[in-house]
Amino acid sequence: MTASPTLDTAEPNPPDTGTRLSQTGRVEAFSDGVMAIAITLLVLDLKVPSDAETRGAGSLIAAMGQHWPSYLAYLAAFLTIGIIWLNHRAFVDKIRRFDSRLHWLNLALLLGIATLPFPTALLAAYLAEGGAPASTAAVVYGLLSVATALPWTLMWRHIVRHPELLEPPFDVDHARAELRRASIGPLIYVLAVPLDLFLPLAALLFYIAIAVLYAITNQGVQASTT
Amino acid sequence: MTASPTLDTAEPNPPDTGTRLSQTGRVEAFSDGVMAIAITLLVLDLKVPSDAETRGAGSLIAAMGQHWPSYLAYLAAFLTIGIIWLNHRAFVDKIRRFDSRLHWLNLALLLGIATLPFPTALLAAYLAEGGAPASTAAVVYGLLSVATALPWTLMWRHIVRHPELLEPPFDVDHARAELRRASIGPLIYVLAVPLDLFLPLAALLFYIAIAVLYAITNQGVQASTT
Amino acid sequence: MTASPTLDTAEPNPPDTGTRLSQTGRVEAFSDGVMAIAITLLVLDLKVPSDAETRGAGSLIAAMGQHWPSYLAYLAAFLTIGIIWLNHRAFVDKIRRFDSRLHWLNLALLLGIATLPFPTALLAAYLAEGGAPASTAAVVYGLLSVATALPWTLMWRHIVRHPELLEPPFDVDHARAELRRASIGPLIYVLAVPLDLFLPLAALLFYIAIAVLYAITNQGVQASTT
Amino acid sequence: MTASPTLDTAEPNPPDTGTRLSQTGRVEAFSDGVMAIAITLLVLDLKVPSDAETRGAGSLIAAMGQHWPSYLAYLAAFLTIGIIWLNHRAFVDKIRRFDSRLHWLNLALLLGIATLPFPTALLAAYLAEGGAPASTAAVVYGLLSVATALPWTLMWRHIVRHPELLEPPFDVDHARAELRRASIGPLIYVLAVPLDLFLPLAALLFYIAIAVLYAITNQGVQASTT
């Protein structure tokens, strides 16, 4: 590569009119990437029925019908990640700077999101079967939901202590209000674990319902309406 | 992490010359991510013939020839997502701000796009076989096309009612023109469903054709020509 | 959502200090996404030997050794996409605006890149075996290389005719020089097709070699050295 | 497309208020993409137990328990890529411009990261089994760790020689300090290879431990605390 400087003289320099993304800009980019990929990878669990299944069920439509839990789980997981993205976008809009702890909590959140396709696949495989395996799959989904809701609480608790991380005009009072709201999520998900155990299908519908409810009433989403 | 402030004093602060992406910037980033992933995941359905298939067909080229529907479906789906991306880019250029409803309609659009690899795989698996399974696969592809065209109509209907979401100089008259154009898409796709049912291969070629036609005549693409 | 305006009054507006990406910015983002995904999906073709293979080969290391073509093909494809990305980045730096035709040619380029994991998997599966299947796999890889090199030629030919698309200080003379260089690529790849046919392994090593050579002598990469 | 200029007159031009990303901005975007995808693809190796496995193990939970190495390897790989991303972000913040050599070293780094899901899958498949295959899998993981740590050393060595690549106020003294730190990584990973060979499980825990330790004490992460 030592020859390059000589060769380069023939080439006009591109004008450096570029702009550097802010620190939060790059957290957004990476987080958006992980969420966009996780939400799109879910489709890999929508199984195409095999020839044997189609013949066994009598028709392709009947064979697909037997996979209904995978379509329901797909919808629930897509909705969940979509809503987390909306909240994440609104969250980062309020943050001026990510410190080390916020970075780690954000990574913990992304770990939860990136792992979501796994319990979704578990539910797709075992929900229709019912019994203990369906309960196990739903509990794994439920525990991961708790683990994905928890970082929000911890992030807002950290911001309440370090309000200098907030983008003005957001202040410590706003952070306290967010912390109260963010504390409800993990609580609801913990309380839903017994439902996973005894009524796995109802639990899945419940997760869809609270996702939608959360979306409608959540400040994060509403912030973008103003 | 409480020790960090002390350790940090040794480290010069990087200059914060960064720029924050606008709200629409982040919608673009997430949507681009989902579309880029969906379009690239399609390749996973281009199956490498197994050793057994190659021996059975006499040659690798003959074995690949038996998979022609998967190559055709790959091309159709790639073209479809590519065109949606071009339109999405032109769409977001005209929007000043995403409100809550636009976010949800955009998520519905992304759900359609992210799900597209599934009916593409269905077509790849059952198109060559013909008969009822091929028709079923084509109808599923067709219904998803309707579901992916519908959010455009709803987004423009919402913007006609809230022209303050438009980036000047685009105004309510422009939005009305876009709404008229965006209403044709779902209609065409609904009318194509009987074609899916009776002539699945012709339907696939028809989808490729209208995609190309739409691309050539569409304002979205032309906007970038000016 | 009609209740939102009322609820929103409690929420301070986030300051809209955001910046909108330029048109080329979004082409970059989508293209980068497709290339980043294609380059990362390649790893899915690095097969973990099954228990049976490991026992059959005597050790895991011997079983992995039998998969050497997949590691070589992985390296070649990773290098190829990496270099295309470097060139693409340098290319977009020289473009002020994408018109409709450039968008379509860029999509054609992305189609080639996104499809590359398929012939890579073909080579991984059939290269070690030799004979006609290995030749077929190499020819498919070679033809896709032609198809991926061609859009560069067409893009520069279009820019020579529309120099107003160039970012100053780049001018039509620069575009003509780029067109000459971009015309060599497809030619080399066409000439390599007979090599694919008769010496598939040598062809793969040849692709790695010209990729490296192209990278070292290419203006695109050098532009970033200045 | 020659008809477009005529059609276009009816369309108001979108205002070009856009901003172009800087050169480092686009390296960030591509690198973030590769890291986001690699970290999210890891979930594909979290295998859903088959019906047969579940029946054989007595319950879904017991069947999942038999897959514990895949969960541990998932956690280790997720943590590793997450930390590399944090370091990469801090690294790019200090760089004013990528020259040709930095681009190639960055590609080498991305090659290591993109390949990580492969030894992770090897570990998941062979760690529980123990014996020679587990050692082989751990050594492959270890050698890839060396190969991923090495580009950091080479990048800082290059910057020490070309301090004009640094974003002020970072200077050659800072680069020298970074080079010393970046030289420790490959050394530790080389020394860990014997551990891979004789105690593969302990090696995996060791990788998790040094990742966490590195994260806590690393300048990169701390830079974002200031």
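First chain written, first letter: the chains are A, B, C and D, and each begins at residue 1.
In the analysis below, a residue touches a chain if its C-beta (ideal position, glycine included) is under 8 Å from a C-beta of that chain, and two chains touch if they have at least 3 such contacts.
Bear in mind the structure is a predicted one, so any value in this text is a computation, not a measurement.
Mostly differing positions are employed by subunit B and subunit C in their mutual contact, as under half of the interface residue numbers are shared between these two copies.
Placing every chain at the mean of its C-alpha atoms, the farthest one from subunit A is found to be C. One rotation lays the C-alpha atoms of subunit A on subunit D, and its angle is 90 degrees to the nearest 5.
Measuring from the averaged C-alpha position of subunit C to that of subunit D gives a distance of 21 Å. Centre-to-centre spacing of subunit B and subunit D amounts to 29 Å, using the average Cα coordinate of each chain. Shared interface positions of subunit A, i.e. residues touching 2 or more other chains, are given as 1, 4, 19-21, 23, 29, 33, 36-37, 41, 44, 93, 99-100, 222, 225. By the touch criterion stated above, subunit B contacts subunit A in their complex at residues 1, 4, 16-21, 23, 26-27, 29-30, 33-34, 36-38, 41, 44, 97-101, 103-104, 107, 110-111, 114-115, 117-118, 121-122, 125-126, 132-133, 136-137, 140. Subunit D makes touch with subunit A in their complex at residues 19-25, 28-29, 32-33, 35-37, 39-44, 46, 48, 51, 54, 59-61, 64, 74, 78, 82, 85-86, 89, 92-93, 100-101, 215, 221-222, 224-225.
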